[in-house]
Amino acid sequence: MVKQVVTQAVKQTNAAGELTHLLTLEGMPKEQIVQILDTAQQFVSVTDPAREVKKVPLLRGKSVFNLFFENSTRTRTTFEIAANRLSADVINLDISTSSTAKGESLIDTIDNLIAMQADILVVRHNVSRAPMEIAQHVPTFVHVINAGDGSHQHPTQGLLDMYTMRHFKHDFRNLKVAIIGDIVHSRVAKSNIHALTTLGCPEIRVIGPESLLPSDLDMLGVKVFHEMEAGLKGVDVVMTLRIQKERMEQGQVPEGNAFFKQFGLTQARLALAKPDAIVMHPGPMNRGVEIESAVADGPQSVILQQVTFGIAVRMAVMSMVAGN
Amino acid sequence: MVKQVVTQAVKQTNAAGELTHLLTLEGMPKEQIVQILDTAQQFVSVTDPAREVKKVPLLRGKSVFNLFFENSTRTRTTFEIAANRLSADVINLDISTSSTAKGESLIDTIDNLIAMQADILVVRHNVSRAPMEIAQHVPTFVHVINAGDGSHQHPTQGLLDMYTMRHFKHDFRNLKVAIIGDIVHSRVAKSNIHALTTLGCPEIRVIGPESLLPSDLDMLGVKVFHEMEAGLKGVDVVMTLRIQKERMEQGQVPEGNAFFKQFGLTQARLALAKPDAIVMHPGPMNRGVEIESAVADGPQSVILQQVTFGIAVRMAVMSMVAGN
Amino acid sequence: MVKQVVTQAVKQTNAAGELTHLLTLEGMPKEQIVQILDTAQQFVSVTDPAREVKKVPLLRGKSVFNLFFENSTRTRTTFEIAANRLSADVINLDISTSSTAKGESLIDTIDNLIAMQADILVVRHNVSRAPMEIAQHVPTFVHVINAGDGSHQHPTQGLLDMYTMRHFKHDFRNLKVAIIGDIVHSRVAKSNIHALTTLGCPEIRVIGPESLLPSDLDMLGVKVFHEMEAGLKGVDVVMTLRIQKERMEQGQVPEGNAFFKQFGLTQARLALAKPDAIVMHPGPMNRGVEIESAVADGPQSVILQQVTFGIAVRMAVMSMVAGN
C-alpha cells in the first residue's frame, strides 16, 4: 500500500461531506471517488450513439464557464460537450484576449464571473493551485472544477482513468499499474497515483529517466524503474504519458529517437506485461516518441474508450457539484 | 438642470414610439428609460442564484449575433449570457478573421447577416456611429444594439448604471453625481450624462485634468472640477472611469502614480462625499491607478452589483427590441 | 449535354442508396440532388422572419462539430446557424490552436471526435479530398459534410446555387449558365458544373483568361470563352466567382483594374444576357474587381437570396445524413 502525505488541506466538500468543487484527487475519500464513477456509469448510457436524444435536462438554465488560461482545445471541448449534454449553457472565455490582458487580476476576473451568476467555473491554469485559490474565494452557489493546474493535478483525467481501469479490470485490489514517462511534471500522473492509492491498488510503478522521476515524500510507496523491461513485467495496466517537446529541447528528456529507444512502448515490450494488460494514454499521442503505432492502434489499446468515458465522468462531476 | 443638444437625429423607435434598436441614450425620452429599467427589474429575479432554472423562453428560436469589431470579452460575455437566459441562439463573430479581413465592406457583411435571418445584431465598433449606420440599413425585423461605438456611446452601460443608482438611491431628482477621469474619450461618461440629465438629476459633476474634460456644448450644464476634494464634496454617487494606458503613453493623462496622486479614488477622498455615497466603476479596474483597493472592495462599492444588473438590463433591451 | 468522367468513386450513400455523408456533387444521382432541394424547400419556411420560433427539434441532442482547418467565418457561421435551427449542439473547433498543432495526425483528431460521440463533422480543409479520407474512416453513426476541400469541391455551395437557379428559373433543361473567373482553382465552379450537368442543363459556359480555364477531361462539354461579350450572350444565369488576390500577386490573374476591364461584370455586359437573367456570386464579393456595384446591388442580383437558401440547404443536408 502506498503511503500518502496530504501537503495542504483543500476544501472541496460541504459540511455534509458532499462534493462542491473538484480540485484534486489528493485526499479524496474512496467513497467519493466510487460515487463519481458510479454516477458516470449512468451517463455512459445517456451518450450511447444508439440513443435518440443524447441529452438530459439536469443543468438546464445553469451557466458553465470554460475559463482556460492555458490553451487546450481537447479538454475544453470535452467539458463543453459534457455541459451541452446536461443542457447547460456554456460560455468559452478566451483569456488571452480578455480583461486579464488589460491588467485585471485573477480575483477581479472571478468576481465578475460570479456577478454574472456563473454556476460552474471550469478552470485550466498554468499556475499550480490557481483553481484552489479560486475555490476559496467563490460563494457557496459557485462550483469550481480543476481542468489542469500547472504540474499539480488534473482530477477529471485521473477519474476517467480510474473509470477506464475499473471498466476493464473491475477490481483495483489486485492491480499492478505502470506509468511511463515524465512523472515529475505530469499532473495526470499525480492525479492517478493519488486515486489508485486511495482505491487500494497494491502496486504502482513509475518508469522513466532519473531526471523525470520524483524523489519526494508524496510518492512514497511508488516503485521506481529506470528500465522498461523490468517495469512492465507482469503489470495489468500500462499508461504512457505524453512527452512535452519543450522538455526535450531543455535536455530533460532524451531527444526523439533516443527516448523512444529507451522508453517507447513497443509491441515487444508490451509482451512483457500480462497478456490481457490494457494500454492507456491521456492524449494527444506522439506516435513514434512515447508509443508505437502498432500498440496505439492494437487490440490492447483502450485510449479512445478513455475519451468516451471522459465525457461521462465530466457530466458526473458537473451534475454532482451543481446539486450540492 | 443640464441642457442637452441633440446633434443628430438617430431613429431607434418605430411609428408607435416603441424601441426597435438601442443606439444611444441621447434624446431617449424619460418614459423609455424608465420602461427599460422596470423591465430589467423583472429579469433580476429570473437570474437569482436561488432560482432553479435561470432561463425564460422569450427569444427561443431567435438568432443573436455578437458582432465585435473591437475586442471586449467582458461585454461580449454579458450579452451572450443575457441571450442564453432568454433562450436565444448566439453566434459570436470574430471579425478580425472574417470576410471583412478579405476586403468585404461593413454593409456587405451586414447584408449577409440579414440574409442569414439574424434577429438581433449586437455591435461593438471602434468607429463612432457605426451601429447607427447599420441600423439605418437593416429591415424592420432586424434589431441593432450598440455595445460601444468609438468614443461616442455605450448605452447598455449607461442603462445599467441608471439601474444601479435607482436601486440604491431610488430617486434621481435629489442626486449629486460625480464622474471622474477621462470624460472626453469615454462613451460610458457620455451615455451616463445623457441619461442622468433626462432622468432629472440636478447636479452632474465631472472631475479630471483639463485635457480630459469636455468643452463642447453637449456638456453645457455639467459642472467641471479639476480637484477631487472640491468635486467629491457632498455627492451621492461617485463613478470612476477606467484609465486607458494608451492615453498615458500619449501624454494626455498624468502617468501612473501621478494620476493616482491627483485623481485616484482613495478612502480619504471618498470621506468627502456623503456618508452613504455609492462607488461605481464600469470595469475592468486598474487598482492603484484610478481607484484604491480599499475603496474598490469597501462597503460603499457597488461595482459588482453593476455587473449583475448589466445582465438583466441587456435581457430587457433584447426582449424589448425583438418584440417591437 | 456535358459528359462527365467520375475520377474516383467516393462512397456517400448507404446500401439503400440514402445519403450518409455529403462529400461531392460529382456522380451524385439526379434524384438525390432533387431530394435535397425539395427538403431544403421545407426548411425555407421554417426560417421565415415572420415565423415566431425559427427552430425545429430534428437534431435535438445531436453534436455537430465545425472542424475548420481552413478559416472561413462565413461558411462556418451558416453551418452553425443551420445546426442551431435544427436544435443540435454545435462545437466550433479552432484547429490552428488544437492538438493538431501539437503534432497529432488528422486521423487521431478524428478518432477523438468519434470517441466524443460526434454525430456530424462539418469539415473544411485546404487539402483536396481530406473530407473523403475522413468519411472512409468514420463508423456508420458519424456523418461527414464537406464544407470545402482545397480546390476540389464545395458541395453545399453547389446545392444552394442549384436551389437558387431552380427557385428563379424553375427548369434546368432550357438553361444557359455562364460562370466567370478562376475556374481551375474554384471548388464552387466544379461543384456547380457537376450538379448542372446532372440536372440536365444543356449549356454551361466558362469565361476567363486562358490560364484560369480548365483543359482536362472533367470539363468535357463545357463551352470555353475568353471574352465576356461572346460568353454572356443570351444566358439565363450569370455567376461570377471571387478573385483570390493571392493569384493576382502570383501573376495568374491580371491585376486589379486589368481584370475588371476584361472580365468584370458591368451593367453594359450584363445587358448582353437575357433580360431576365439572374446574377449570382458565392461571396464575399470584391466590388470593382470581379463585379460592379451597380450589378451587385441591381434588380437582377440574387446574391443575398443565395445566402438565405444556403441555410435551408445546410439544414436539409444535416437532417438527411443524420437520419440515414
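Some points to look at:
Letters are used for the chains, namely A, B and C, taken in the order the chains are written, and counting of residues starts over at 1 for each.
Here is the rule we go by: a contact is a pair of C-beta atoms (placed from the backbone, for glycine too) under 8 Å apart; a residue touches a chain by one contact, two chains touch by 3 or more.
Since the model is a prediction, treat every value here as computed from it, not as a measurement.
Rotation relating chain B to chain C, from a C-alpha superposition: 120°, rounded in steps of 5. By the residue-number overlap criterion, the interface of chain A with chain C counts as different, with under half of its numbers used by both chains. Centroids of chain A and chain C (each the mean of its C-alpha atoms) stand 41 Å apart.
For chain C, no residue reaches two or more other chains under the stated contact definition.
Chain C makes touch with chain A in their complex at residues 60-63, 89, 91, 93-95, 97-99, 102-105, 108, 111-112, 114-117, 119, 141. Touching chain C in their complex are the following residues of chain A: 47, 49-55, 71, 73-74, 77-78, 80-81, 84-85, 245, 283-287, 304-308, 311.
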